[in-house]
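Note that the chains take the letters A, B, C and D in the order they are written out, and that residue 1 is the start of every chain.
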Amino acid sequence: MSSRCRDRALVLAVAGVAGALTAACEREARDFLPPRPGAQVAPAASAPASAAAIALAAAMVGRYEHNAYAISAGKRLFAWYNCSGCHANGGGGSGPALMDDVWIYGGDAGTVYLTIANGRPNGMPAFAGRIPEDQLWQLAAYVRSLAGLASADAAPNRDDAFLTRTPESFADPAKPETVKPAVATGRPQ
Amino acid sequence: MNGVHDVLAPAGPQALALFHLWNAMLVACVVVFALTMAVLAVALWRAPRAGERTRPDLDAHPRREATLRRSVVWGIAGSSVLLVVLLFASFFADRALSALPLADAVHIDLVGHQFWWEAHYEPNSPERTFATANELHVPVGRPVLIRLRADDVIHSLWVPSLGGKKDLIPGRESTLALRADRAGTYRGQCAEFCGYQHAKMALVVVAEPPADYERWSAAQRAPAREPATAQERRGLALVEQTSCAMCHAIHGTRARARRAPDLTHVASRGWLGAGAVENTPELRAEWIARAQKFKPGVNMPPLDAAPDDLAAMSAYLGSLR
Amino acid sequence: MGGRAVTRREATPASIPAVRKGDALDVSELPSYGFAHRSLMWWGNAGMMTIEGVAFGFMVVIYFYLRDIARVWPDAGRAPDLLFGTVNLAVILGSAWPNYRAQKAAQDRSLSRVRLWLYVCSAFGIALCAVRWFEFTALNVRWDDGAYGSVVWVLMGLHSFNLVTDVLDTFVLTAVTYSKPVEGKRFVDIAENCGYWYFVVLTWLPIYAVVYFGARV
Amino acid sequence: MDDARALPSRPRPRRRARKAQASDRRELLRDGAGAGSRAAVELERTWQDKPGVRGFLSANGHKTIGLRFVVTAFVFAGLAGVMGGLMRHQLATADSHLVGPDFYNQLFSMHGTTMMFLFAVPVMQGFALYIVPLMIGTRNTAFPRMSACAYWLYLFGGLLLFGAFATNTGPDAGWFAYVPLAGPQYGIGKRADFWNMLVTYSEAMGLMVAVDITTTILKLRAPGMTLRQMPLFVWASLVTSVMIIFAMPLVMLGANLVQFDRMLGTHFFNPAEGGDALLWQHLFWFFGHPEVYFIFIPALGFVSAIIPTFARRPMFGHDAIVLSLITTGFLSFGLWVHHMFATNLPELGKSFFTAMSFMIAIPTAMQIFCWIATIAAGRLVMRTPFLFVLGFFFILMIGGLTGIMLGSVPLDLQVHDTYFVVAHLHYVLLGGAVFPLFAALYYWFPKVTGKMLSERLGEWHFWLFFIGVNLTFFPLHVLGLEGMPRRIYTYGAETGWQTLNFVSAVGQVINDVGTLLFAINLIRTVFFTKERASADPWGAGTLEWSVASPPPKCNFFALPVVSSREPLWAPAAEVTHVQGLSAQIREGLTTTVIDALPDTRYAYPAPEIWPFVAALSVTVWLVWSIWSVPGFAWGLIPPALAFLLWYWPNKKEAIEEVEWEGEP
């Protein structure tokens, strides 16, 4: 092997290992963080999420989507906070389905956070004051993993419960397509 | 969470039977150990020394081999007899454990969660049942039959001064019978590794005279007291509107979720977070705001509220005797 | 054993004895390979069969463990159709015949007969893999359809892995008979591979019974 | 029984003709002459490893592979030891923040997994690979390429596990990974996958080496070494290998079932869909208890090899010890439920396992009494190996007796999963395996490297290690009785466990100093001492001391013929060695199983690169299967190709083989 091609192989190897290192650290980090100073939970009234909060959420949800602990916490909260009451296990019931490509208000991280925090017409309650911000990000990350938009390595496997759906890690990434709200309201919720 | 938690300080018939068995085993083993080490020491002391070049003696003197064989045979016979004796001691102790009379036993349903204990007293009589967490009160002298179920991973209920441990396995149901013969506070801890905070999943069994127990259980059955001061009223409003109500339940208020410990009488408990932090007003406020600081990995989220809001919530919760 | 000459005792299967020369034992005349338990390959094969036998045995134990704790068995799906399983049973028992002839040919060290019977064994192997493919389609249960589906799929998967590896092994051995010169040890390899095929046939019997009748009985 | 004789006997001259025709091309050298002869020099060249990296990767001499196993195992043990130290210092004080809960969980899981799967079993198998062929008088193990492949699998498995640990993906559910916590829902991320994969690696390695050692012991013994004249260490290796063959497939199957549950969504351990969480405990502990005996029985073999040398007499009760080893091997399969006494299994069943747990103490007691009898009737040479054996007696007795306490169902309900168990397992593993291991290291070090370890440093190492182990682990018995559960990363000051934990941390420091002294002794001896050790520095009796230290590449210039249990001590027999094996190809002699009568000449496989390539391809498959489900299927192609190319005969070797062939 000529030295030049050996150097290139070495560089590739180092880059590969470095890539694996950061990806693994990202996926496996368990940050039981005390709250970020200034995270705004306005106990008095459920003030609508500000633009700054949405931008921050987009960044945090983007990070949580690659973190296995955050997505599995999101899944636990999805059951604890009775989201499954309306959305079932992602297939939809009285609330819209979350596993398919159709997003009434948009499937990107910031919008999903906004939907959960401020609620939507036709029955989606606002949870801004009730659920701490950190958990809102985890829920948003989990909702996106339902549609396969989170990283498959970090998505959770099956539950130790009745098999209601194929595990999130099996979901093949959907191509989100936003349906205009006017049309959406006509559809049976 | 402080309380007696020592296998060698039994406070009930179960732990007493195990204490006697422990003493018997200890004596037998120490005797065997001392004897063997003594024989080895004598052998070492009396055997002549030699160098690597010393010729190995291959001709086995019949007389010496015979004495060695006899001593080895006696050694094996002796240890076998001792093992059989210990075997019977173990069987009898096991029978004593299962012979605990369960006449008018207090029935408790205990469900293990990741990192706290959910207890339901008298589950089979609807009008007398109530829910509590992490701290069990039991009447002295009356047996307690605990039905164990796990909600997530395997846990293990172990109160050393009252008796042996029993695993809580998801999908399976097991029971543990205990009885406290002396009043006192007996501490226990989850004994099967169950995740990040396995270390802080303690529980306390407070054995008290039957009269105190009746007074305690009657108080536990009552719904939460109405808030008296303005600060407590503000505390209740905050508890109902922020994330507390999403997981906790307080009878008599709009908080009715069952995912976390029941707070109806949280002030009657000495510790918060299954032994994570003491139940004092300042620590309670700190626990509400930053539970992760005391118990990293617990499922309780941080709540970033203003200090006076936290004080109001802590005051309200402190009033729930 | 003392120092007297090592004469050929019934215990020494070697046709040519080790001859004592002064204080040494001359072994230059001894054969350089032997069949059955005289060859180390046989012992390696025995180890492999024990390992896989333990794995199959415990998989069957797990089947009955799960069946015992289940309220209703099969808890999801239906018992597999009998057709393909029985066809597979027939074909696999049939495959023992060319396997036996191949082993005998290997022990006689006649290259042409070995190659012929290895071709027949390979044909049986391909037929068995095809039947096994249809068996999987007729299992009537998915692997994630409850404990029953899981244990049936893993039992069938273990035996299929075993079957496919040994069929590939037979293909390789057939191809290897063409690379000259064929030393004696290779006949031993062929004979031992046939021995291993008996193991594949025999382990199918309990698995067939468990998979096809465990849910019916 | 054997159908070779049924053949028409081949005309003899044809073979001699071919041999004559071969000899004019090259003069056939045969072994059997002394060390200096031309045949010996040729033999050394034949058994030499090929030079360069390719030679290093394709070496398959049993001494090379055995040494690699031992050295790699001690490196892993060092790393796991540091983790153990870190945990001790985290627990030294109440509510300490040295280490967080998540990292602590990875620490104790990695400490346990590395010590059990990557240190204890491989180091014992490495010693067996090195010593057994020398002790039974043969030139290499039966399947050297398989053991070479096993070593590479072991190395890649270990590197992957520590790579995972370095990227915060180390297993965090303990060394036996109980299922709901290591299962699909609560085993978050890829951590449990790496544990399952490591178990697959280390069990594959263990099984391959076990089959290799079993076949070597049964078929390649020196002529005359009947089963009754086999040394005790060889018996211990045989019993361990047979136990491994029956126990390791189960945990390999079990770990893969958990992996199916995690990756494919099967329901073996999902109570809601018909599975059972206890099924994993049954599967693991049926293997788990024999696992700890794979570590314990080779150590008994070490002690049985060392005591006769330092008591200057044959072992008293040789047959009794052989029967005890076999009995321990069998009984160890019947005890596994004593790890599950706290579950809700039926009481009568548990009591059966109490009886079995007590019964297995008797064969070990038999061996201890026979050793003491040998010491009593011998003339003692007080050297470091013998010191470590005496330390072994003291610490193993305490471990064994606390084991009997743990075997009783009611008492186990009090002490199960507490620090009493941590103390018991460390006393049995340190006393029962690491002390004999150090004794064996000091004993066979001159044979392996040709230089003696220093006695003075050895004694310092012994006393520091002895005091350190007792000071570290004895207080844990008391802590267990005071209610301290296992695997907690911290405890409140109100629990009162601080003083004893602090004493234990001090003991840990003494342990570290002792191990440091051992490392200094090792480095000083290997790199800086010049004087060479003689072939038999301890005056021992078994065959490995009949060859030079370090042994020549081909072990024996002439394979020995054995007529007693201690060939070097016995009077010279009439027939002393074998001659007539080729010096130009790697050849050995297979003998019959019971009476070790010469049977056939056996050509050992020459070194080749394929074992390394095969292990690499299996790594590709296993790593690919973690990240993608189809990878589990398509990943089988690289190993299939690698093993096919490994088996494909190469022309040159085939011609040489045919030349040396003898019809059966």
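Just so it is clear, contacts are C-beta pairs under 8 Å (C-beta built on N, C-alpha and C of every residue); 3 or more make two chains touch, one makes a residue touch a chain.
What you see is a predicted model; the values in this text were computed from it and never measured.
A.B. asks: Quick check for you: compute each chain's CA centroid and the global CA centroid, then name the chain with the smallest gap between them.
C.D. replies: Looking at where each chain's C-alpha mean falls, the closest to the middle is D.
A.B. asks: A-D or C-D: which has the larger count of contacting C-beta pairs?
C.D. replies: Here the pair linked by more C-beta pairs in contact is C-D.
A.B. asks: Can you work out the whole-Å distance between the CA centroids of chain A and chain D?
C.D. replies: Measuring from centre to centre gives 47 Å for this pair.
A.B. asks: Roughly how far is chain C from chain D, going centre to centre by Cα mean, in whole Å?
C.D. replies: It comes to 29 Å between the two C-alpha centres.
A.B. asks: Just give me the whole-number Å value for how far the CA centre of chain A lies from that of chain B.
C.D. replies: About 38 Å separates the centre of chain A from that of chain B.
A.B. asks: Taking each chain's centre as the mean of its CA atoms, how far is chain B from chain D in angstrom?
C.D. replies: So the centroids are 38 Å from each other.
A.B. asks: Check each residue of chain C and list the ones that touch at least two other chains.
C.D. replies: Residues 144, 146.
A.B. asks: When you check chain A against every other chain, which residues touch at least two of them?
C.D. replies: Residues 30, 32, 158, 160, 163 of chain A touch two or more partner chains.
A.B. asks: Would you please write down the residue numbers of chain D that are in contact with two or more other chains?
C.D. replies: Residues 102, 180, 185-186, 261, 265, 267, 270-273, 275-276 of chain D each touch two or more of the other chains.
A.B. asks: What does chain D use to touch chain A in their complex?
C.D. replies: Residues of chain D touching chain A: 102, 164, 166-169, 180, 183-186, 188-191, 261-263, 265, 267, 269-273, 627, 629.
A.B. asks: Using the touch definition from the top, list the residues of chain D that touch chain C in their complex.
C.D. replies: 1-5, 7, 9, 30, 32, 142-143, 146, 207, 210-211, 214-215, 218-220, 223-224, 226, 245-246, 248-250, 252-253, 257, 260-261, 264-268, 270, 273-276, 279, 282-283, 286, 558, 561, 563, 573-581, 589-590, 592-595, 597-603, 640, 644, 647-649, 651, 654-655, 657-658, 660-664
A.B. asks: Given the complex with chain D, which residues does chain A contribute to the contact?
C.D. replies: Of all residues in chain A, those touching chain D are 20-21, 24-25, 27-30, 32, 68-69, 72, 153-154, 156-163, 166-167, 170.
A.B. asks: Within their complex, state which residues of chain D touch chain B.
C.D. replies: 100-102, 105, 173-174, 178, 180-181, 185-186, 271-272, 275-278, 308, 311-314, 316-317, 320, 342-344, 347, 351, 354-355, 358-359, 361-362, 365-366, 368-370, 372-373, 375-383, 390, 393-394, 397-398, 401-402, 404-405, 407-418, 481-483, 485-492, 494-495, 537-539, 541, 566, 569-570
A.B. asks: Going by the contact rule set out above, which residues of chain C touch chain D in the complex?
C.D. replies: My answer: residues 1-4, 6, 9, 11-16, 18, 20-21, 23-40, 43-44, 47-48, 50-52, 54-55, 58-59, 62, 65-66, 69-70, 75-76, 107-108, 143-144, 146-151, 153-154, 168, 172, 176, 179-186.
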